[in-house]
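For clarity, chains are labelled A, B, C and D in written order, and residue numbers in each chain start from 1.
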Amino acid sequence: MHFKSMVVSNIEVSPGYCLIRLTAPRQILDARPGQFVMVRVQDGIDPLLRRPFGIFDVGTFSPEYPESPRQHYLEILYKIVGKGTSILSMLHSRDYVDVLGPLGNGFDEGEPETEKLLVGGGFGLAPLHFFARKHAGTAGIKAFIGGKRKEDVLCVTEFERLGIDTYVATDDGTLGSRGLVTSVLEEQLETGFGSRTVYACGPEPMLRAVAGLCKRHGIGCQVSLEANMACGVGACLGCVTKGRSHSESAPDYRCVCKDGPVFDAAELLWD
Amino acid sequence: MHFKSMVVSNIEVSPGYCLIRLTAPRQILDARPGQFVMVRVQDGIDPLLRRPFGIFDVGTFSPEYPESPRQHYLEILYKIVGKGTSILSMLHSRDYVDVLGPLGNGFDEGEPETEKLLVGGGFGLAPLHFFARKHAGTAGIKAFIGGKRKEDVLCVTEFERLGIDTYVATDDGTLGSRGLVTSVLEEQLETGFGSRTVYACGPEPMLRAVAGLCKRHGIGCQVSLEANMACGVGACLGCVTKGRSHSESAPDYRCVCKDGPVFDAAELLWD
Amino acid sequence: MKKKPDMSVQFAGIQLRNPVMTASGTFGYGKEFAGYMDLEKIGAIVTKGLSLKPKAGNPMPRIVETPGGMLNAIGLQNVGIDAFISEKIPFLRTVNTPVIVNFFGNTLEEYEEVAGKLDALPEVAAVEVNISCPNVKHGGIVFGTDPKAAFSVVKAVRSATIKPVIVKLSPNVTDIVEMAAACADADADALSLINTLTGMAVDLKNRKPYLANCTGGLSGPAIKPIALRMVWQVSRAVQLPIIGIGGITNAIDALEFLLAGATAVQVGTANFMTPDASQRIVEDIEKYLRENGIEDIKELIGALRA
Amino acid sequence: MKKKPDMSVQFAGIQLRNPVMTASGTFGYGKEFAGYMDLEKIGAIVTKGLSLKPKAGNPMPRIVETPGGMLNAIGLQNVGIDAFISEKIPFLRTVNTPVIVNFFGNTLEEYEEVAGKLDALPEVAAVEVNISCPNVKHGGIVFGTDPKAAFSVVKAVRSATIKPVIVKLSPNVTDIVEMAAACADADADALSLINTLTGMAVDLKNRKPYLANCTGGLSGPAIKPIALRMVWQVSRAVQLPIIGIGGITNAIDALEFLLAGATAVQVGTANFMTPDASQRIVEDIEKYLRENGIEDIKELIGALRA
């Protein structure tokens, strides 16, 4: 879809992180966790390109004013890092943005009885939150949240409210255990049993570590990748990543936007 | 001066025309009618350059909230024509812009006893309004306002409130007499007597006609010109106009920004 | 109510319902945008640059935004002519819009061979030869920056196909007219200009070039003034129809190129800003023609009074 | 509290307190900006291009905004060397900042003569030769687009002055390295790059080129990627200090140019966006050095890992 969208609310949820709610057509309710949207934050040429953001949640709400029909929305959890996200953070309710999406493939949501381990850091929590919201209540869903400092640890309240066991680790120990979230995950992998899948989204080094861990433990791992994007629809080939069999002579590039952003970690080349 | 300025108010005064009030340092009170400012309407590169606007008025006001000190302001009357003015028109009170000015030379305000005939069209009324506000009450100040349609005739109320005789002409006769404002001026020049000066600001064809009229009647004429500008301070030479003695071999170019925008019509080449 | 203006243009034996096409490399193989616009509303689809064999392209990152533009160093990644025929043509066949196939080679022979293969495809309305590629046999000198090399590429392609041959020029040259003239001498049917300008972005934090490839091609609104200038220069000097490309994001931009001498235009980077940019441009041009009482868009081509 | 970083740079025998200068034609003769910034905070002032005789320049309009940039066709209007000496030097003498005088000629002889006159002025720290001008004696070919012509201009200037000779290169060439090498061969002391790219804007409503001169020079953020690329290419190939120019609007831009190989930078169009742009850039560079524990800015010059 490609739609003009009105800002419903836009609030800072942690220093430097905001949650924005945008109106959307009904079909947004069909979005799958792991899919993303490309947002044009303002008219004109600055910024020029759309910015990709994972879907944090979708839903339906009743606007405050009487007799107005119920509206559908889409939520994005974003970190202010540069020009586009700064402009986004300054939008007020009733301002407009232009949205393209949902795009890409979501997580393979697996069997209900499989234990689901969500591992995320920073805004990587966004798609995991959407996933958790859909799967809350199913057996053995757990969340592992990492961050540099306390402020980078997002969504703990949301996950706990969904009744999900949540493990936190920060580099500086200001929240949860001190160290990497992958260490916490590793402990879990060593103690647990049964059929399990890891769903990971966050900075590249974290994904690499998680993928390695899962490979060693022989369990499924889905990772959601990031890449600079121009089109978001598989046309520009700007966002590729190397597939498992990639070599210079027999290239195996996959588009993060179209073939991903979620990949089976075993399908990628982690060189 | 170069200052960050807060929008106090920004209202549409006629379809397509707005009046914006901006906070300014105390020294703005020294601005002379005919001077202008260069406004950077938003950060970033779109638009890239500042936009020049004549000063409509300056003054001092007391903000609404209690115990706040009195503030000084600057007003701009602008027409929405393109990107910069559209963005300007969407600013809310408490938004910020960046202002450079006052720039250039104002009108030669002449002797108190000289009759002053103000001739303007469209946003050309802006500097004339500032002039009229300063000279209201002096003998024989009259205003001649032209426009395509009724909506383009600005400031009539303001001029009348200042007790100034105001003559209006529109191309389509929707307000005042039908035809060009220069015809109305011409009648006046033919009937009147005594020492007089014309102060004109508006579209180029109007200025050309007014300058010709004054030349024929042998009376002084000051015109305020427009030109595309980059620097506003006489550095880029982007805004020149031809001086009286201009020729290819002996160029006589004047900067509209620095040597003007107000010129004695007799000093320019009206080829 | 004015009557519907005539938007059609023809050149090099190609007939287009309107002069707006998509630019190679920015529109994939058409299908990628099918969900976001009506592919049958635009004049033609120009597909991603093809080569004889599949090409891997460059390592990541490949793109970066710059002021008013973007750099890309895709490195001409593409599926190769055979996969194009088997995987992409079937969809394109279902779309009632002419398809122009952009292609390139690493050697003269490769250019010739791809052109020959394209010649056999009834679905291909014309070929667009990208000459902004290094000649691997001759020290990597870019074909498109040397008039003699350009002449030989065009000659080779010309001899291999009876389809209209459009040559896409590189703007990274001292004298674009000289390049255009060389292509005309080699019997090109039309010229596309411009391709991207070579640029670079620096990653201050990591003290590295931002793109893995160091340099990339600059496209987008930033380059429009350069593209307009080149179209204008070439249109006054060379008797070939021109397709104007570079920073076109709206109908006004497109009309400016027509005035400057282009018979048609291509929309590139703007597809990323708005996926239906090309369709909107068609609609807004039509609106402009109506509002200004212009019955035939062809009146505007080269109508600049300079 | 870290100690004050060393911001000074030296090249071609010139010593600057910091690497930030203003670009010719965008800063008048310095005085125009005196009310808006502290002229003694920047590294050097480069004055508007001078010629032997006063020059009228082009008709109006001369400037127009373009996406992320602007076109100018000032036509090198200037007061001429004599008026420069009598009217502009007296103010510049009062400012404790090196003055670099940009100049040009219509013939080799004119270049030589102006250089000779500048040689006699103690207030001039260095000369910057603008070679982006047509040679009126030789069919109007632009000196700066032909290596041989560039070589002879630089030789002529070199022989006329013992002051440091900085040559300002035109980007409108196929091979910037070849041009740079020609200037090095002719014993230039340093290179400035880039000057503006030739572009054009169209006035759709009036069906005319927007600028009276038809074409103009493109400057501003839009051209930064091209400028960075050229600085990087030249710095790796030619052993001369480089002054980086093109779209620099903030300290990050300036630092990118240093990493790419520039010893100093010039700020042009940004002076129009913010009159104290150059001073702010100096301040923000210093802040960056402090925050990143860099004691000497010279560590950054050419430090790009490519």
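As a convention for this text, contacts are C-beta pairs under 8 Å (C-beta built on N, C-alpha and C of every residue); 3 or more make two chains touch, one makes a residue touch a chain.
Source: prediction; values computed, not measured.
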Tell me, which chains sit next to both subunit B and subunit D? A, C
Any chain touching subunit A and subunit B at once appears in the list C, D
Pair joined by the larger number of C-beta contacts - A-C, B-C: A-C
Note, CA centroid farthest from subunit C's centroid sits on chain B
Rounded Å distance, subunit A centre to subunit C centre (Cα mean): 36
Between subunit C and subunit D, what is the gap in Å from one C-alpha centre to the other? 34
Whole-angstrom distance, CA centroid of subunit A to CA centroid of subunit D, is 47
At least two other chains touched by the same residue of subunit B: list those residues. 45-46
Interface hub residues of subunit D, defined as touching at least two other chains: 67-69, 220-221
Among line, ring, star, complete and other, which one matches the pattern of chain touches? complete
Given the complex, residues on subunit C that touch subunit A span 25-28, 32-33, 36, 48, 54-57, 60-65, 67-70, 72, 74, 77, 220-221, 249, 269, 271-276
What does subunit A use to touch subunit D in their complex? 45-46
Where on subunit C does subunit B make contact in their complex? 67-68
Which residues of subunit B touch subunit D in their complex? 2, 40, 45-50, 98, 100, 227-241, 248, 251, 253, 258
For the complex, which residues does subunit D have touching subunit C? 66-69, 71, 145, 172-175, 197-202, 204, 207-209, 214-216, 218, 220-226, 228-229, 232, 247, 252, 255-256, 259-260, 303-306
